[in-house]
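In what follows, chain A forms one complex with chain B and a second complex with chain C.
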Partner chain A sequence: MKIFQIALGILAAIGGFVDIGDLVFNVAAGATFGYQLLWVVVIGVVGIIVYSEMCGRVAAVSGKAVFDAVRERVGFKAGLAALVSAQVVNLMTLTAEIGGLAICLQLLSGLPYRLLILIAGVGLLIVVWFVAFDWIERIFGYGGLCMLVFAVAAVKLHPAWGAVGHGFVPHLDRESPVLYAYFAVGLLGAAMTPYEVYFYSSGGVEERWGPKDLGLNKVNAMIGYGLGGFLSFALMIVGGALFLGQGIEPEFLGTIALGAEVPLGQIGLLLGLVGILFAVSGAAIDTLFSGAYNLAQFLGWEWGRYRHPRGAPKFTVTWLVLLVLALGVVMTGVDPVQLTEYAVIFSAVALPLTYIPIFLVANDRTYMREYTNGRIANALGILYLVVIMVIAVTAIPLMILTNVGQN
Partner chain B sequence: MTKTIDLGLNLLDHQLLDTDGRRCGKVDDIALEGAPGGDFEVVAILCGPGVWRARAGVIGRIAAWLGGGGRVRIPFEEVADVGSHVKLRKRADELGLGRGDDRLRPYIEKIPGSDH
Partner chain C sequence: MRNRHASDLTPGVVLALLVLALAGCNGGTVDRHALQRDAENVASLASEGGLLANEVTKDHSTKYFVRVHAKELSDKASNLQDALAERPTSPGITSDVRKLSKLAGKVSRELEQLHLHPTDSNVAASLEQPLSDDADAASELAK
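And now, the complex of A and B:
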């Protein structure tokens, strides 16, 4: 029974891993560089596994979610800087996910875009307000599994498997190294999006994890994110097999769904769109809550998705305000795919502000007792801090040099 | 209380829980009393946006202004325990904490489904 539950949780995690950032960057990287950047996805997925395991462990042992720990460890001032940058990036991501959701609805229904933004907003509100959270996780996680159609599509497109294999070997590109680096940074930023750890660690605290749940935490992080990464590979392979050298830039989410239509027909297109719909909706809900978690944890308010709205009023008002703000921004007609690129690049810049304090806390005996980082967690933790610093410093210059990946 | 704690790391910026276990703010600052050269004693915990002004320069002042600038002083006698959270002896409303949540609650309660 327990194994059954874990399996269900993992299924939901696979469906919940991919968000609009992964969709956009994986397919665009495939369309531009074929399979050459697959190895970067591996690095990104291992990174998110390392840091979500760490955040989950901190949550389980100390009962503190990310922004509790950040503020306690680095103080009010540096913590506030981390909070502000996290909230800006989080709101951009939320806006992009909602825009993506409206586009999916438009492709499925043909109704006007702005009307669908409203429908998306009201729909999300109703779901979050009335549906119990474990059901939200299941519905959107399993719905997101429709995206496995991209894995089938990747095989059906008969990619050159030798080239795919070569893509997993780290290498550089001589012809356009700057653009290659831009995509590498974007793929890492998309895989290690910080809202995932805010949400994950807050969930651990809400579910009252203790040291006995550390095994579950490890399994969740490794298998859930690991298999989620598998979907990222599929998206890049589809992008490479279908769009490389065609001069097609997957600037529209519809183009991404086309990746499932070409080899599989109408049913492929439908499954692809429904999968994307559920994936971006689930991510919208996660980012919505992450924003409210962060603020409430930083300021010491009552918080929690399992608490009824009346049990955490300021927390509830925060996510309501974030939802309205994001809807307002989408309504201006900003292109969600473009916004996604900015959100991912800026989140790459903000990563160290979240991950450095977490690393410090995970090594602090006063918090972690005997559960501080082991050798492997520390070796990987430090390695990834270096990776994160490098991408944080290079992200914006690369964005400017490549004109947001356009040349 | 006789255990030794590092005020900067183990008290400042920690979560306050009231006697019912309700989250009701953070230790935004600590009031110390004592003569120069002598021992210092923690006499109170300070919290609320008004305290942020002194802690984070310009953005602290902006945050304090946005938060309304209120501050609450909790005498250290009201602290029951300093562990991973700071536990208080009274309910939040008796200490003047958690007011924002209490003020918003009646409105939230009017919305159907707010207690499910």
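And now, the complex of A and C:
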């Protein structure tokens, strides 16, 4: 079934592009600047499509995922730096997603938060251990489509469509330029979070993509991340149409769900919560796998969810340890929403360490034969490397100057 | 074992610690800017509480969602109340800071009512106007 074949892209997009970080940043950007930052989402979507297609192509042609390439192309020291930064950000994101999952379950059930953290952890363990990779993609990718309720909510809130259209035209904000820049960097960082490409490329290897699947890779990247971008637009429009005028600053997942409830009633609320539940669960699985993929690929271990746990024991132990660590951290009571904001900004700093090796390998004929980057892919690739460098350099200064987007 | 000095830390670790320390700073003296920021926070909590109460009045919400979300908002308002009641202030704004603290406490108590009666449309309806007034009062203090 063709529709099932694009599940990897949809899971990568729902779990990666619309994770807790994007939920928070997109709605908060809308609540702060209305529709003015929609153009930044477009830039982020095109960037992640360009690089996902590239690393999916590398996976299909060479059978190598991102950290295989990192290890082979940038040397041990730079590779180790990339690995450490990737693992730290992955663990922060995984922790935030598990916390988000528990909050979502709490908003649906009213049960105690800490109990739900344990339930979320056990649920993730069961899913990752017992459910086949392609079914994980389908369940969480398509379950996350409930998030489309935010697109309906955005329309029902009757935004000023002229202003929405204006938001797609790149421009600066003269009143609060530093805060505007912080949100722009955060949105780009969230859109191009490295774990999305780790998961996507490793997923391509898991699915045994070959050169015959290059078309599928393109479709996956474009439809999956295009859908993620569409949902980001919807979330930002909800933030602008509902929260900006009332001076509401979204700081909780419940506030985001309220964005679907106000225009659509109880059904909107439930679909919104279920959509968020699948999205953050998908993101938790993406980051859990990504952490194990990265370490196993960098150290040359056997890896892959398609193998039986005994066929890739170190890989299995790695994701189990990551799950336990993340559960331990979230149990301390750390706020998942705040944590995700830090994770997004720190991941922005780590972007070059992920994307430069992908670009180099995608141009290397010894890996790619006749499938190296074409002119358009190279032009866009270089353009985005410049964007990534700017984001990496400015992310932390902007975070300090704006007190994490507070003023 | 060799003693570990600050100079042994990698620049990345030092930078990360510095960033977390700077970005996480939320204590100290309440100045005019902090007052404005906290007043906007209280206004936001009151507005959102009003929106939530309106959904309960219309029977659009669910018991657990209202119970949990109202508690989150109430706790945040309560934390603001405590912080504003205790922290030292810049000269000339002490009375506004304490006023905001009381207002945050009032918002917290109203949201607590919503938390305790998540399906009672009469309670919710009775809270809408006070929360709206609180949001207006906090917005005034933010000016």
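The rule we apply is simple: the second predicted complex is superposed on the first by the 389 of 407 C-alpha atoms of A that agree within 3 Å, B and C clash if a C-alpha of one lies under 4 Å from a C-alpha of the other, contacts with A are read in each partner's own complex, and residues count from 1 in each chain.
Everything that follows uses one rule, which is that a residue touches a chain if its C-beta (ideal position, glycine included) is under 8 Å from a C-beta of that chain, and two chains touch if they have at least 3 such contacts.
These numbers were taken from a predicted model, which means no experiment stands behind them.
Enquirer: Output check: A:S109 vs chain B and chain C. Expected answer is one of first, second, both, neither. What do you get?
Expert: So A:S109 only meets chain C here.
Enquirer: Pick one for A:V317: touches chain B only (first), chain C only (second), both, or neither.
Expert: After superposition on chain A, A:V317 lies in contact with chain B alone.
Enquirer: Who does A:W129 touch here: chain B (first), chain C (second), both, or neither?
Expert: A:W129: touches chain B, not chain C.
Enquirer: After lining up the shared chain so the two structures overlap, which partner does A:E72 touch, if you call chain B first and chain C second: first, second, both or neither?
Expert: The answer is first: A:E72 touches chain B but not chain C.
Enquirer: Looking at A:L270, would you say it contacts chain B, chain C, both, or neither? Reply first, second, both or neither.
Expert: A:L270 sits against chain C, while chain B stays out of touch.
Enquirer: After lining up the shared chain so the two structures overlap, which partner does A:W301 touch, if you call chain B first and chain C second: first, second, both or neither?
Expert: In the superposition, A:W301 touches chain B alone.
Enquirer: Could you tell me if A:K64 is touching chain B, chain C, both of them or neither one (first, second, both, neither)?
Expert: After superposition on chain A, A:K64 lies in contact with chain B alone.
Enquirer: What part of chain A is in contact with chain C in the complex they form?
Expert: Answer in residue numbers: 106-110, 246-249, 251-252, 254-255, 257-258, 261-262, 265-266, 269-270, 273, 342, 346, 396, 399-400, 403-404, 406-407.
Enquirer: In the complex, go through chain C and note every residue touching chain A.
Expert: Going by the criterion above, the answer is residues 15-16, 19-20, 22-23, 25, 33, 37, 40-41, 43-44, 47-48, 51-52, 55, 58, 60-65, 67-69, 72-73, 76, 135, 139.
Enquirer: Once bound in the complex, which stretches of chain A touch chain B?
Expert: Spelled out, the residues of chain A in touch with chain B are 62-64, 68, 71-72, 75-77, 79-81, 84, 129-130, 296, 298-303, 308-310, 312-314, 316-317, 366-367.
Enquirer: In the complex, go through chain B and note every residue touching chain A.
Expert: Touching chain A: residues 9-10, 12-16, 22-26, 28, 47, 52, 55-57, 59-60, 63, 84-85, 98, 100-101, 104-105, 107-109, 111, 113-116 of chain B.
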